[in-house]
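Structure in structure tokens, see below.
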């Protein structure tokens, strides 16, 4: 039975002036389950009003009350009133800072890569594997302030394909091989990120570290907790090969994916039904940010397209189209995900909602 | 021993006002082997000066003498002075018109898809399989005017991957499977072609008929002439799966490609050497338009990129980068080709140069 | 005293499958004052379900109930249940069709240019001159079915500058000269509209008829009704020069504007205050779609920008920035307007809301 | 009588790894009048091979011999063999470094802004006012090594409008007022320069310092040397107002310009003839890089366009179109210039060619 809220969850945001931090602000300020309580950024920004410390780059207007908030440095003592911490920190600083919040007893929902592959840290796409949160108890064994834990969400390009593979494997059994080519949006690189001279009238066939992240993170996300809930068993025998490209798109990562089943493949119609009917734990828990439909399946011949489909279900759904036979593997399709919503800040938020519903922290 | 030229080859261009036709004009007017003799277009344009009939969309300036030429309708009687015919016609009209020129005794080098898969018509990427021209004699058996023949060039997205696969198979033996995802330029769709509202800040994961063309044409291009040179044996046992996407790039088709060898794969270094050393018949014949290096291999981590690499060797080379191990197949890499040069008009022109060198027509 | 609504206004949409028609559907379906009742399009579409007749190109999802509606041909007999008609018709057919609805007694709110300059037809930017609706009584004198009338809204590029000039002249007296250069979005040209090959990495310094429309329409919008309310007195002695450019922007027309006052100019601070305080009749009437703030004034040095500011007040506000001294004229500034909202469909809708509040039609 | 060359001019390039420096390399390596002798960059780059020190971002291939050159730090002692110095240095360091080369006796052709407005330093658009070089003798009075001098070229957005105004004023007398709005390419901001998130689907109506530069530099360029050739008289009574915008274009600055004559204006046809017939000193001197036609006049209704016209005369010509009556001033038109060729590196090179022809330095 899901835990009920008596009041909004008070949220602190680390890295609040950056790209992910700005997205956290937009999403949390529109979410009745949360109240933005404290904004943290680098020493350079601390003490300034948020509107002066940040260079707002999102088309949704900066809420006026947030604009007036004083930015704090990222030390736990400034975040005393917060129930949860969202981290949009850069990997170069996320390690130490997130650890200090964890040790100070905060539930930390992190978008950074630093702890994703740590054995007792869940790596969660919220429409895939919130069940993995069972492992946070293991993290807390070592702590004095027993409430603290860290939950990470995945690399932005993993989330879309992860939810599709999860849905398919849940019904049809193991997939043997996945070959995917991504066409990723510029917002995935943060701000200033990709120079315009590098991407206008261009494709850049390389994103540092991205292919490795997909190939590794996917196995953990699609794996399961071990029997004692002290760690994770990655999915064995799943071969993944990713080729990552940057394209001139603002938001929305698209991937062309081919998959081969370990056993006899289902029919295309069976796959479509399976995807349409897929329901994740976050939906069953009634989480506010959970998409109504976790996987949108389109039959239009030229969809999904990032500009038209990235905001499906407020950016929390994956959209799949062009499901067809693959002449080399079994099935191929195109999947799209909003990289800064389900692929980043939105995932952290839905993870936090699910963690609360599951009773991992109280108000 | 290659035939020598006594004077420029006089060229007629069918579909001269279209996108491919304009590219023919630019390339031929810069090529000392040719002289543009007659321009053909639809009845609507015939009788007009070329500068009035066409809507020039290429950054290279329209040569002044060409601007003044009177456009003819596409009937063989208007092309009497021409040695060869280049066709940039749309598939909807190319069938009948090209046939009429063929039957009137003209060598026709066609960029249209209509005759590509006809059993006795060569389908040629000029840096891959000019040897297939041996079959034109078979075409001429049925003709009164025995000089006529048709040579086609491939779909624009096939040419880049074809030359790479050809080079690899020539040295290392059969490839078993090819999985490729293309990111294709808007110029591939002609003019007006892709609406700006469809492609700005967007990817369109579908190009009508394109995946089928790649999957079929590749087998013919990589195949061989049969023993009697009356037709072609497609490459057997090669499985190809293509996923085609349109991206906001003006010129240059990029593809992420994974390949699996039938036998033990060579090392990455062996593949790089093989590609660097690859030399095609058109190069050996000394054709003017042949690239100095048919396959440019780059070691830079983020290349090839369409904006920076599409004009390598004047657009007649394929550029390959990111050659690396594929965790699912054996090897993966990125290949780039200029879709309106090696992928279209440039291919027809180099095919014509090779055909002349081989003595298939005289001046 | 504004007329109150007893039920939603039933709306018919002409040209429902086009770009403006699609925007009408999005805006009306989110507007509680209206109910979409009938969709009209060309004979070719009539009888089909809307989802089959249209090629939906807007990122907001097509409402499911609208998708199921049967499209009608644009004849008044099919629109019996409608209280008002919105026309997104192309100018080539708008003339006759809109007239037939007018003569059949329908209030027609048209986005087409056909009747804009007709002496007894109001040309209205809803945040500028809804007072001009007083003239519709003159239209009705000639009618049997006395309820019909036509109200037009302006060219998309006029609306932004019109509201700014209106605000300034209301407080500071006549402007003598206006010189403006527009940078207009591709959506202003409809679909398929601008070819991607024409606009990627490019500026097109010409939009057919656009400069003339700005130079003429502005004088009517900023003018007044004549004493008898039978027509309009255009603003005399206002000189306007427009240079119109198409730029690679999806939505949002930006203009660099310089103005010279007839008398001594106000200070920059006076102008900013004036713009911030400006309130139009539609706001005073309490119209649902009226912007909270008709003119957003930004002090940020590099704003307004179309991607970040076009949706201010749901696209119904103009945003002005960079208000500074002009070394040649008196003052210069940048103004931005969402061309398909305040500049097109949104204007028609707010005009209809104002007309109802003012009692020009009943339910 | 123009000085003749006995051998190529040996060129040193300061700031060789930057955007302007890369353009210098491309242009000089294709120019038979010059030989690239020494490449200078920051201490960080010095000692490295150029190919390792630079991040090549131009589609023209980096010449192989240049790729192998060892980069030097920007001290005059490393440039002993050079006849001239081209500076593509950033303004933050250009002041001291250029001065040290000047004092060491080098002719310095600088693209930086530091010395543009210094009284005895010529500010030259090479197709406008190479006559201003007469003032360099004044610079040399203070020097021991009397050969040194500094010639600067203008801000990239000034050059196009300067050549048009020069041509018009030379024939028709003084212009009273100029109002112009620019739409500038991203390459004008260097690399990394404009972030892609700032410019995709966007216009930025602000470029720091740019409007002031246009308003001030234009008066010096269109002015004349004083009677004693010790400095410059700026053009009096010319009022200039510029509004500068950044647009998603890679190369080529477009401007919409309105002008008012001090006296009766000429006819449009007279202006067109005047522009077509305009010939500058660099052309008369027979300089290699001088455009054949300094001002291209187009009658096509929708030109000039950056993508199609920026390379006219190898990027050294300005292209003017849409010459028409201005309802507020006298005449309006659109002018386009390649910002990194005539607007930057190309200008420095043509200035150096003219300086040599005029005998300002010897080999």
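The chains carry the letters A, B, C and D, assigned in the order they are written, with residues numbered from 1 in each.
We adopt the following convention: contacts are C-beta pairs under 8 Å (C-beta built on N, C-alpha and C of every residue); 3 or more make two chains touch, one makes a residue touch a chain.
Fair warning: this is a prediction, and the values are worked out from it, not measured in the lab.
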*Identify the chains in contact with chain C as well as chain D, in label order.*
A, B
*Most distant chain from chain A, judged by the mean position of its C-alpha atoms*: D
*asked:* Since chain B and chain D are copies of the same chain sequence, what is the angle of the rotation superposing the Cα atoms of one on the other, rounded to the nearest 5°?
replied: 180
*asked:* Given that chain A and chain C are copies of one sequence and touch, is their interface built from the same residue numbers on both sides (over half shared) or different ones?
replied: same
*Between B-C and A-B, flag the pair that has more C-beta pairs in contact.*
A-B
*Would you kindly tell me how far, in whole Å, the mean C-alpha position of chain C lies from that of chain A?*
40
*Return the distance between the CA-based centres of chain B and chain C, expressed in whole Å.*
49
*Centre-to-centre distance between chain B and chain A (centres being mean Cα positions), rounded to whole Å*: 43
*Please set out, as single numbers or ranges, the residues of chain C touching at least two other chains.*
57, 200-201, 248, 250, 307-308
_Chain-level touch network, classified as line, ring, star, complete or other_ = complete
*In the complex, chain B residues that touch chain C*: 57, 186-187, 191-201, 248, 250
*In their shared complex, at which residues does chain B touch chain A?*
177-179, 181, 183, 200-206, 215, 239-241, 243, 245, 247-250, 254, 256, 258, 301-308, 321-322, 326-329, 332, 334
*Mind listing the chain A positions that touch chain C in their complex?*
56-59, 61, 200-201, 250, 307-312
